[in-house]
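There's a structure below that I have some questions on.
Letters A, B, C and D name the chains as they come in the text, with residue numbers starting at 1 for each one.
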Amino acid sequence: MRFDTIIHGGTIVTAADVVRADVGIRNGRIVTIADRLTGGDVAIDAGGRFVLPGGVDAHCHLDQPEPPDAPADAPVMADDFRSGSASAAFGGTTTLMSFCVQHKGGSLTAAVDDYHRRADDQSVIDYGFHLILTDPTPQVLGQELPALIRRGHTSLKLYMTYESLRLTDTQLLDVFEVARAEKAIVLVHAENHELLVWITERLEAQGRTAPYAHALSRPSPLESEATHRAVTLVEIAGVPMVVVHISGGEPLEEVRRARARGVTVFAETCPHYLTLTAEALSAPGMLGAKCICSPPLRDDNAQAGLWRGIEDGTVDVFNSDHAPYRFDGQGKLSAGANAPFSKIANGMPGLETRMPILFSEGVVKGRIDLSRFVALTASNNAKLYGLHPRKGTIAVGADADLALWDPEKRVVIRNQSLHSNCDYTPYEGMEVQGWPQTVMSRGVVVVQDGELKVAPGHGRFLEQGPSSAWGSGDRIKSWV
Amino acid sequence: MRFDTIIHGGTIVTAADVVRADVGIRNGRIVTIADRLTGGDVAIDAGGRFVLPGGVDAHCHLDQPEPPDAPADAPVMADDFRSGSASAAFGGTTTLMSFCVQHKGGSLTAAVDDYHRRADDQSVIDYGFHLILTDPTPQVLGQELPALIRRGHTSLKLYMTYESLRLTDTQLLDVFEVARAEKAIVLVHAENHELLVWITERLEAQGRTAPYAHALSRPSPLESEATHRAVTLVEIAGVPMVVVHISGGEPLEEVRRARARGVTVFAETCPHYLTLTAEALSAPGMLGAKCICSPPLRDDNAQAGLWRGIEDGTVDVFNSDHAPYRFDGQGKLSAGANAPFSKIANGMPGLETRMPILFSEGVVKGRIDLSRFVALTASNNAKLYGLHPRKGTIAVGADADLALWDPEKRVVIRNQSLHSNCDYTPYEGMEVQGWPQTVMSRGVVVVQDGELKVAPGHGRFLEQGPSSAWGSGDRIKSWV
Amino acid sequence: MRFDTIIHGGTIVTAADVVRADVGIRNGRIVTIADRLTGGDVAIDAGGRFVLPGGVDAHCHLDQPEPPDAPADAPVMADDFRSGSASAAFGGTTTLMSFCVQHKGGSLTAAVDDYHRRADDQSVIDYGFHLILTDPTPQVLGQELPALIRRGHTSLKLYMTYESLRLTDTQLLDVFEVARAEKAIVLVHAENHELLVWITERLEAQGRTAPYAHALSRPSPLESEATHRAVTLVEIAGVPMVVVHISGGEPLEEVRRARARGVTVFAETCPHYLTLTAEALSAPGMLGAKCICSPPLRDDNAQAGLWRGIEDGTVDVFNSDHAPYRFDGQGKLSAGANAPFSKIANGMPGLETRMPILFSEGVVKGRIDLSRFVALTASNNAKLYGLHPRKGTIAVGADADLALWDPEKRVVIRNQSLHSNCDYTPYEGMEVQGWPQTVMSRGVVVVQDGELKVAPGHGRFLEQGPSSAWGSGDRIKSWV
Amino acid sequence: MRFDTIIHGGTIVTAADVVRADVGIRNGRIVTIADRLTGGDVAIDAGGRFVLPGGVDAHCHLDQPEPPDAPADAPVMADDFRSGSASAAFGGTTTLMSFCVQHKGGSLTAAVDDYHRRADDQSVIDYGFHLILTDPTPQVLGQELPALIRRGHTSLKLYMTYESLRLTDTQLLDVFEVARAEKAIVLVHAENHELLVWITERLEAQGRTAPYAHALSRPSPLESEATHRAVTLVEIAGVPMVVVHISGGEPLEEVRRARARGVTVFAETCPHYLTLTAEALSAPGMLGAKCICSPPLRDDNAQAGLWRGIEDGTVDVFNSDHAPYRFDGQGKLSAGANAPFSKIANGMPGLETRMPILFSEGVVKGRIDLSRFVALTASNNAKLYGLHPRKGTIAVGADADLALWDPEKRVVIRNQSLHSNCDYTPYEGMEVQGWPQTVMSRGVVVVQDGELKVAPGHGRFLEQGPSSAWGSGDRIKSWV
């Protein structure tokens, strides 16, 4: 048997197992896993490192266009597919899912076509698109969306907040109905929009516009409310849902309650909610703007509650919510050097640091084991978003997307060493243990020893299959 | 590369993945998994069937001796390792864990030695022993137990009820302390003994002694109570626990609450609790005695609650609690043909039907997917009881313990077709879909097409490593 | 000492005490409670009956005008203040609070003025008005509402559903802000409007329009959702809330959770939710229309959950939600003899039967004691709505509003014996034990032995003081 | 009409009402409440103060004998009925319930007789005895207990901890069965004895014996456990229970859960749990011993949880758990000046400060209103323990036990100003607002302006009737 590449001397980790074995790759796929392999055109010595499935980061924003009617000073995302995918790869991620956004009044299909053009020949790793519906017209619901789902966009992101993105409950239900018919899965950003606008107006009237006030404007009950509401809507409509970027133990408890009564709901959280708190928003001057994101950073209690959810299995997927805006007049400060918090772009970079942070805080600190790490960072994403078993695991037939992970390597995070176009990282100065040494995509080395080894365009678009959440039967009931 | 055996044409299922691949076996171990293998001395055609990890049934009672001072009419278990292991194998199980019981006043080490003698050269599949401590003397706690844990008995079963078995809270804590020091895991039978005895006395005084009254004697709050208490004890002592044979949604809720606040607790349930109710106890005459077990069978609500726990991830392991007593004067009726329920041996057979029932009711009915089936019936048990990755998965380096599973095969369960020495099955007449066609242990075919292919003694004793529950760090805290 | 009236020989019940004592009345008020009184111009012998505070029914709809733009076939309420108040009095109620509704586009003050005209000189018992805000314009919020609150309308009813009545979350918050500033209390009808419309459209598309489908169109999770959402809104805004007409144990659980975390929320339920189920909607033909109300009648489980809330103190107030529509072309069938459920007026009569039903099902059946009965039917309403201690109790200084209650009297409820203008009662044929013999308002006998003794206009408008919910301090925090 | 005494010019507070009225007293009972009274032999001017029902402190330990076999250095209670009752009266309490303890091996009846002798002619206020059963022999259960319940001891205190007092679960159930048959109510001290002993042994082995370690030895989960267990036992046996001296929000949550599922359980807490934390135990040297009590003082979170229970209605009764041991060799330090925490008598004084502390922290700070204050400190105790309406309220027919309460009076608590024989108060230096000016018992002034006005023996023994918890029907079910 001949292989294009073999990887020997590593310890393979999957969501199920940790075993000492070699990997044989042919035509970009894993074709053999064996106790000892020879015969590769190329042989890579893992040197005792872990051989992990390359990460699947199913929540990142890259080159996301502003609406046509956006103001001239709208912030610009720092990363396109080229820089974003490279940054991901350097951190061990080999599949990314970003968001293709329909603009209100616009066609969803056209948005997909446009987004393809933005991604074509740019990415160094494979990628898929979640669809963001913002205007569920009959045309979109009746024709475009079903066609697009069948073309492999089986996951739909829906917003309960942001003026330009949000759907009403009725619109959510309308989309859920199509999702049910076509067996798509929905991702929901759950915050009560009216409530946060109302609080924001009052804070602004009180002159409380500094970055820290952002956290006050969207308190935890507001996220719990929207989570509980979204749970009710999917329960009635009969569709599986991922509640994205859960920020603390309180909204997570709503997921736990929902599951215990039989609703099919999944929970995502992100690195910043596990490691930072709202204190970061009160850095001097406008520096807190770097850590403005929604839902906002919370407190120690919220964080402890999230970690318990990581440990007890309530949290299913761990993604970056990479939303890169430079700390300058094109990014965070596009509305001015002293803009009120409500005018500051939401989000922070995180594609590259996602896996090292969870490895260091989770695995090294003994909170989770290696298999749970792989499940959270790769396998569960691949399953929920219809990419499994091609992505997210190390198995015969899977794409040879691998990270040779050095569990001992200590890295002090410095933005200058990262590969995003963003000009800061919220983790500046944080030391982590564990970093990928070599990263492969479909059998090709993408990153090795800190160098990018492929040209833009190596990465390909991924058609998604149906989400594992649907199962084989008709377990998920609709109430209508 | 040469293999002793290759299995081709199957679909391999693990707790993480479902992939089309062949398996290469050498010296009883899986050495290669590949898209296509040739070169085996023996080639087995899976014919499109599922290739599952052989089941791990971590809760069965075989040839368990009565205490020396047991009454002459004490019931006798119908299965020894020979018949029990064969029955297991016919149902797809390739590893069993039975219970080695210390008798009060006796040595634990001696009990282990005796139990080895009972098992030696009898079993057709591999086996391990949980240790049942009933008399935690200083000698046992200080010397015997640590030595035995180090000899590979890393799981301890403890009873909160049964006069001859039960420990007080203090004794539980004393054992937990040793378990913590030695990194063992504890299994707890959780029912409030004093409460059930008290109710039983009153039922008997009222003349309510028929089998159905057994269910009344141990109502659900009593199991919830003991579960909650056991959770508190392990929380304080800092030791991981499996609550065994949880009978319904109410006690399961105590596990869910415990986890959500950070206690390391696992949940087991059994086939009968998912498929039968207390109505089975009101069969005519004494027939209900067949279904007497503890905790008792409950009602539809309890069952629905358990299924939600199967679906939402709260239930971790699914075992038979095989406790075979014939429906005759040596078994269920050893105290007389009209014995009161309190004199009837507890338990029912189930080793052989365990996996088919969960496959049929769970996978075929769309409640769970294949990977969750494997996790519940094999992988999680192997992990929790220190047998992973040797057992419970299909991975390079693992023992070649496999079940070639026919997902279409329909079987009407009849005791005459089963292989336990027990003379009845509680599932008589129940139709299931899915049954293993071929079962292998360490690369050797044990069962094929309904025939046993190995002699007693093929199965070997398994030393357990530490439970995965302990993790790598010091996540589990003691309060003292 | 001279009294206008004395009542002797009765057992006085308050929310705190049950004592054998006489009551002395002067100028319509209770001036003396003593072990033995003489010297009244009139002496009434209670004959061993209970002397209860006359009931306060704080949730009834009387002569409520349709909006100016209502369709010609809009249903007409069967009761005005004259018939409604009489019906109330015959059932032991001496204070009613009905709803003064602002129409969208209209003035709230004008609505109040109009409603006063409807009530003036009509009622036989005292009455107050909750204000229903449907159009919280700056004019209404900034001027009308504060002025009206100061004029004694300290309770505001707000709808989350019904097209012509409902407020958005933002509007709710805006009203809450004024309520906080002026120390008013809010009553919220909690159902998710968008969800119920969405389900209704689908049921109608499926041809499921018979009365029973009404229950399907507004399932329990939808009520729990709105309750949870309303709780969040008042928590943030810092205002006390009564969740009205809670239909089952599930939404009630949201109230329980809210209180346990410190939110000031109160729970109301109604006779029909404690005694009827959705089965009533499947009566032959259109008869089920009689029992259409929102939230809809539920099932036995929901009912059992409500009773537990009555018993454990979670339910605070018990009101009729009297909404009388005749079963004819002016009422329930105004949209046609076969109108779909969505066109059938919501509500059912209940003013007269409210107290007898709770006495019979609650006190006689041993679920609650006499003081709790008084608290639920009178005192708690008076306190929450700023009428205490003038109304809702028997105490010196209180209005002499009394019901001499015969606890042994058995009555088979027949609409022909009731005094509402409605042509049916949902309790036709139900036997209750306990009925008032004599009912007094401000010392005047209003009803005696089944005869009305006063002319319309005896009843007077009540200015409300601040709700007891606000307490004396600043316990209720706003988050902004 | 002539009165022995009239109280004019006050505002009467009951659990239901707050009204301006005068009180007329004859033969020690309230015979008239009226807007204006004249004609008393004695007229007391309340001067605008509140006229409260004298407090009922249903949990205090006075002159409680040690067991016959107690060690010579057993601690001695500082207060007998004489000093204890005086101290109570100075703080506004006019009824106390102390504990008559059966010693193991001894007769309960004899204990009652002895305890009567200790109380006879000593108390300045009326008193009742809860019975502490420690040895439920057939003689006690079958004869003594039923007879004593019928003699007016309708409340039974049972311990789950303390070697000399505690009952096993079986013994608890046996007592509950008699309590059910005779309609008594049980009070349970809920801590898991075996667990606390086990922790204590380990702390002592580690040399952690200073007072602060007491709090570590009985952590909150241990109290939650016992509470949950006790709830289960009373649920099965069918008897109402008061969980006494709940120390924080966690065990209180078990009460809330129990009620929500229909179990008849009541909650008591005490002043120290609402105002002190375990920090008090780390005072220099042995000073922390003053605040050793069981359950122990907790932390801010626990305290906040209790306050929420005070506010949301979960806490029913508020008592002192007065257990006075001097800080000397006869009291706290009886086992030596450096005794380990486990040898230090549990408890602290509190009879006199109970009502001022709840008034100041609860009413003045706006957490509760006056009626809730009266309910917690007087009425609910009287009802639960069968003393209502004779005690615990201001109503015609009730004993004229009254406290004229000055809501403005500010007092800095100093032990030298208190009237217990104990030589310290845990509240030394704490300022409270609100203190009784005049206290009356059966129409006689007991305390006025800081002086005791009656001789020992004014107080009389109270026979209790059945607890209100039983209700009128058969609502409380037994499972057997």
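Note that a contact is a pair of C-beta atoms (placed from the backbone, for glycine too) under 8 Å apart; a residue touches a chain by one contact, two chains touch by 3 or more.
These numbers were taken from a predicted model, which means no experiment stands behind them.
A.B. asks: So if I look at the partners of subunit B and the partners of subunit D, which chains show up in both lists?
C.D. replies: Both subunit B and subunit D are touched by no common chain, going by the contact rule given at the top.
A.B. asks: Name the chain whose C-alpha centroid is most distant from the C-alpha centroid of subunit C.
C.D. replies: Of all the other chains, the one whose centre lies farthest from subunit C is B.
A.B. asks: When the centre of a chain is set as the mean of its C-alpha atoms, what distance in Å lies between subunit A and subunit C?
C.D. replies: Spacing between the chain centres: roughly 50 Å.
A.B. asks: Need the CA-centroid distance for the pair subunit B / subunit C, whole Å please.
C.D. replies: The mean C-alpha positions of subunit B and subunit C differ by 57 Å.
A.B. asks: As a quick test, compute the distance in whole Å between the mean CA positions of subunit A and subunit B.
C.D. replies: Distance between chain centres: 39 Å.
A.B. asks: Dump the list of chain pairs that touch, please.
C.D. replies: Every pair of chains in contact is listed here: A-B, A-C, B-D, C-D.
A.B. asks: Which residues of subunit C touch subunit A in their complex?
C.D. replies: Touching subunit A: residues 168-170, 173-174, 192, 194-195, 197-199, 202-203, 216, 219, 221-222, 224-225, 228-229, 232-233, 235-236, 479-480 of subunit C.
A.B. asks: Subunit C touches which residues of subunit D in the complex?
C.D. replies: 1, 12, 14-21, 24, 31-35, 253, 256, 259-262, 308, 311-314, 363, 365-369, 371, 375, 379, 388-389, 393, 395-398, 468, 471-475
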